[in-house]
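Have a look at the structure that comes next, please.
Chains here go by letter, A, B, C, D, E, F and G, matching the order in which they are written, and residues are numbered from 1 within each.
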């Protein structure tokens, strides 16, 4: 994926039929902090991890509300995400105005994809450098979508994108079968556990005493539940809840684990449980 | 087909009269999973093979419905395919609105080709990186068309595009003469058998026990049959049916076979029959 | 005609006053299969040779009907030809609508040339990569025109373009003087003989028994004869007729032959006569 | 961050998913003199440091009033800042005209970010080369925002940008917890102290006797306080006030200091106290 | 005039104040066959030499009628000439429609020059690659104009452009003083003699017996004589006439000849008189 | 400031956050002859030095009147300055027409700056290559502004731009404190003295006897004084006046001089006083 | 002024603040033949030297009439000059139509300069490659203006541009003081003498006997004298007149001559007086 002669322009094909500039834009998603989306029968949940830019400023918003039935979580170039969220918001508004109802999620995402595709085929633009997780709810129930800089999108049961999201992905895959029947509280806790998996162990240990606080933001949308970014109290509530349950559902990162976490997994060593306090409360502003 | 001095721009001719960028875009089709189209007297059928992007997400839709009388199957850049399918849909809609009837398939494909041609002659665009198989039905009967990134298209009796589609092509060529008189069930089974041919043997063996499931989606359009992507139950039904018939129609991949499969072909070794379970049911969502 | 410093852009002149990119586009015509056009006093005939893309698909249409009094035969990039034929069709339609009569052929070709010229003078386009033979009939009688990627065109008595068309050209030149007074059947047979000359000898021998069938399509326009692509039966009829006459008019490819073929030419060796069966019937669809 | 093959165009991604041209534009902010923004419960304050371009001209305005409830402080390319401030002003005017109220700060900044984003995605523009600190007041109280050339923005409690702003940042972080409850005078003094931290020690000493005067401009907005750039007298007043308090709150630049400045810090050596006279009064014109 | 660093773009000046791309376009004129224009008191005559592209096609038209009072003869890129002649025709039509009279020749040429100039000053075009000789007649009498790819034009008494036109030029210069008082037949013969001078001697000898026929087309416009391309019979008539007079006016190509051809010039060696038969009748179609 | 990899395009940032093309445009100002602007309480004065292009032509106008309350003096590309002055004039006219009053100077300059900024951010333009000194008068009194190719501008008490303006700047700085209280005659003389400082000593000596005359133009605007370029007689009057006062205010170019010129400075050596005759009267035309 | 890295694009500044492409366009003026303009109290005169392109064509017009009160003389790219003269003509026409009077010369030239400036600041154009001398007459009397490719223009008493114009310039400078009081005949003779100075001595001698005739065209505009290009008879008349006076006013080309030509200058050697016959009468057509 390194330098070659066909990667300087988004409109240039490599002899192998690849668009290197689009692939490079995909790499921008991996530079953002991780975010997780998952759903049960009635709710879709987003959990995002934010490293505060500095003590002086609030964390950047990783979760952006779009409409009552939809919100997004982002990884990559924030400014690109804002432009896309502005597009989504104005689409939802027009739709509501024209049809008096909420925009069906899959159609909205299809239009977003078509908009993003144009930046991959015109020489005077660059592909958007951001990945999105969309949590929405419509007549067909809750949805989690992943949208990539390539303008490709995926209908997901659960998904994670961003930096070091592989461990979170492993967590999600292991518990995937249980999500649909879980309670609302359960899937929020699963989301928190999943995102904690993406934190490198040593970082957590060395900065345990408040050096740099990591924020987790949680958002939910679903049946009779407009899209809502949880308040600090609610976040704290669920963090405590997830911590308590942690013993029983936490997984090691070894890939040779069994598919279903055994109770023995709860005998994890100290660093793992010591990890929880780090997941501090974000001073996230509601927009 | 490797680097030369005339392949950096779609508007540059090589001294031999070739457009290398268009040829490179053709290579993108080979990076997509295989798909097959075929028809009998009354029906056109598409069969597509999808590797799920991950356990967490549904497979990407390889078959996209356009109108009651038409649908497409794709191999290559999905985002490009979506833009083209949006164009096809809006063309069909306008036509219906203006003339009160369905768009004749060959005229629609001709217009699609003309639209795609412009990307091969303008310096500020790139050719679309996707191949399409179109299954349609109109007054002239069922149609299978192949459309290439070069904006070229072909009226076919049966066709396959995508990764490792050569074996599927061989299968289709061997049974081509029987398609026209086959029943609906027959050609669906032929389509399933053809696409199975494009699966590498070893992959199937090594991951036999559920490691990564391969999905097959089937769609049909024809006489009194609006374009329809089969449900999971229907898919399963035809997979079982194809499996049962497999012994009698399966072909080896040796090119020195006779044109008509002999009954002796049914004595294929285990791996071949073991192959069937891998062709699992897709969790394909209807759009 | 190989790499130099002035051939990367269609708007760049070489010090010798040449436009290399336009010349390279001319080379694209030679990559297409051959096609032949000729006329007598009342009819203009096109004969095209198509290698089927595969057994699975019909041959690509090498002859495209434009209007009742006009059709074209192509060699080169098919997608480019389609765009040009769409232009010709819409011109003819507008003309009919405005003047109530058919578009005079020479004026139509002049306008086509002007349209094509713009692609040779603008930096953001490329020249069309296709050569055309036009067969038309208007108040001045039948016409055969050749149009090149350079936007240049020629009023011809007979002409051939495409891959290995030199032998066909030699054939046409030898019989040129007889065309004007020939019957309709005669010039069709001449066209078939001419195009057969462009087939390499060895290819014909080695695949004699049906391996890859070569298709010939014939089209005619003239006095009281709207432009018409012959049906398979008609094609077959003329192929048989040409075969029978073959003995008397067939020419060797040696350039030291006399101008008028002697009866002795009929003693050609077996491969030559064996050649005929290869000229099989095309499954050409009428558009 | 030095020369590589992907940094010549704002629309080119590096293989690592970075946009080097955007990063280089960020460096322009560091070439501007420092500016500081901070807030308490009711007021937001901007303090800017200007080196006069020459004795002959007034300092360039580092603080630009936008509307009654908003003003900005800049670091980087002044001409770019002026274009952005013109945009902000005209947005506020339109809003007032349409809704009869002041533009909510966060929405205004979001729109500014979207405007700036376009320059990072189009090949025919360059990113703006200026960083902004925005001080605003609306129904939600006082705000300090930081906007970067990347089009990214941050909601801050206190912030500093520009040349050598690290020391000012350290100062702000140390006193951050006290700002919210501070009086208006307190936070102005804190701002003056913070910006003084960004002055290199030796420069102050060597040019002590009037060689080059450094100007500080202060602006405030808040509850019942329209945005206002302080007059020379007011500036002087606060400089004196800050100087008097300096003993108690001044911090050394050693990072191994305690979090809370001890009284012993007031025994700073002469150069530090000698620093104050340099902070002279600017002949800043109100716009 | 070979490769340097300032010849790749029509909008780039060389340090010497030259536009190399414009100069290169001038070279395209020399690649066309020669053409001659001359006039007497009442008539302007064009004579063009065409090598037939092949036996199969008519020669390309080197003389193009524009309006009743005007026609052009070309050397260089034919497609470019056609675009320019289309422009001239539509200008004449508009003028006639607006003013009810023919377009004054010098004004028409001035506008043509201005149109052509734009292609020499815009980076996205190339200069036209064709030279024109214009023969026109208006209230001021007959005119011969030369127009170059540089958009420069010249009012001439007689002129020649194209391949090997130097000898024709010499002929014209020698007889220039006699043209004005010559009869119509005289200047046509002079034109034919002039263009014959541009034929290389050896070529004529070696292909004497009909191998490749060279065509000459003659056109005339003048007092009570609308622009007219002579018919084959008329051409033949004048060729015979020129042949008969040839003995008395033919000139050798030695530059040390006297200004007025002496009768002794008629004792030219055989090859020169043998030249005449080659100047065969063109099958030029009237448009 | 020499060649590097980021200086070929105005829209390319260097890794250090600089726009080299903008910096290079700044250098164009230094290629123009010097000009000086200064003001007292009621008047703003411009003094410009022009080397006549040749004896044959009048000097180029270095001072351009814009409106009754405003004029500009330029250094750099004259054609660029004319375009900018046209803009200023049309702005003043529109303003007068809309509001019935003169355009406030600072607002006008702000708009000029915004117009100039666009040329520094678009790839298809270049920054203007001219520096401006603006002398204006409005309700707030007299103004001197400096505008740079970077689109940056400065409100000044006195200023000089152009070739070798450093000495003039030194002169202005030394007498800056006295300007505000000076009489109209005084500041004109100061302006003349300042600009004389920018003349190289040797040039003046060697061409003392009329070889090349240097012109000085003076313009004034202020209280009850519309912008006016002085007539030759008035210029001469002030030159004489400045010459007489010269002895008392002239400064050496040594930077180690005292701040206030001592009477001893009047004993300057001959060359300095010999300098005056060179400052001849310009044949400046009033526009 | 030779190749460097900043001279390929008109919108690129060199580090020294120069626009090399504009400078190169200036060089195009020196490639044109010389032209001279001068004026007395009531008349402005243009004298142009044309080398005929060939015996066959009239000289290209070096002097172009614009309006009754204005005409131009050119040196450089003729096609560029024509486009500019078309602009001037249409400006004068509009002005006359709107205001019923002639366009004041200085305003017209200013607008011309602004039009030409745009070609020096846009990447998709090139600067015009032509210098102009304008002779005009309006309420302020006669005017001579010089306009350069840089879009810069100069109000002149007398001026010369073009190839080897240095000697003509020297002539003009020597007699400059006498022009204003000269008679109309005097300044025409001065103009003829000036332009003769630009002819190289040897060229005149060697081609003395009519080999290549040099043409001089004279035009005049002034009080009660609409702009008029002199007829051949008038030209001849003045050439004779100038020849007679030649003895008394001719100057050698040595720069060490005295300022006022002494009578001794009339003893010039033969070549100089032999020069006159070469200045033949042009067959210039009035437009």
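By our rule, a contact is a pair of C-beta atoms (placed from the backbone, for glycine too) under 8 Å apart; a residue touches a chain by one contact, two chains touch by 3 or more.
A quick note: this is a predicted structure, and the numbers were derived from the prediction, not measured.
Colleague: Between chain A and chain E, how many steps is the shortest route if every step has to go to a touching chain?
Modeller: Tracing touching chains, the least step count from chain A to chain E comes to 3.
Colleague: Compute the distance, rounded to whole Å, between the mean C-alpha positions of chain A and chain C.
Modeller: 60
Colleague: Find the geometric centre of each of chain B and chain C from their Cα atoms only, then give the gap between the two centres in Å, rounded to an integer.
Modeller: 33
Colleague: How many angstrom lie between the centres of chain B and chain G, each centre taken as the mean Cα position?
Modeller: Centres of chain B and chain G (C-alpha means) sit 74 Å apart.
Colleague: Taking each residue of chain C in turn, which ones touch at least two of the other chains?
Modeller: 10, 123-124, in rising order.
Colleague: What order results when the ring of chains is traversed from chain E, passing next through chain G?
Modeller: The ring, traversed starting at chain E in the chain G direction, is E, G, F, D, A, B, C.
Colleague: Of all residues in chain G, which touch chain E in the complex?
Modeller: 1-3, 7-10, 20-21, 24-31, 53-58, 60, 76-80, 82-83, 86, 119, 123-129, 285, 287
Colleague: Along chain F, where are the residues that touch chain D in the complex?
Modeller: Contacts found on chain F: 5-6, 10-19, 106, 110, 113-114, 116-118, 120-124, 146, 150-152, 154-159, 169, 172-173, 176.
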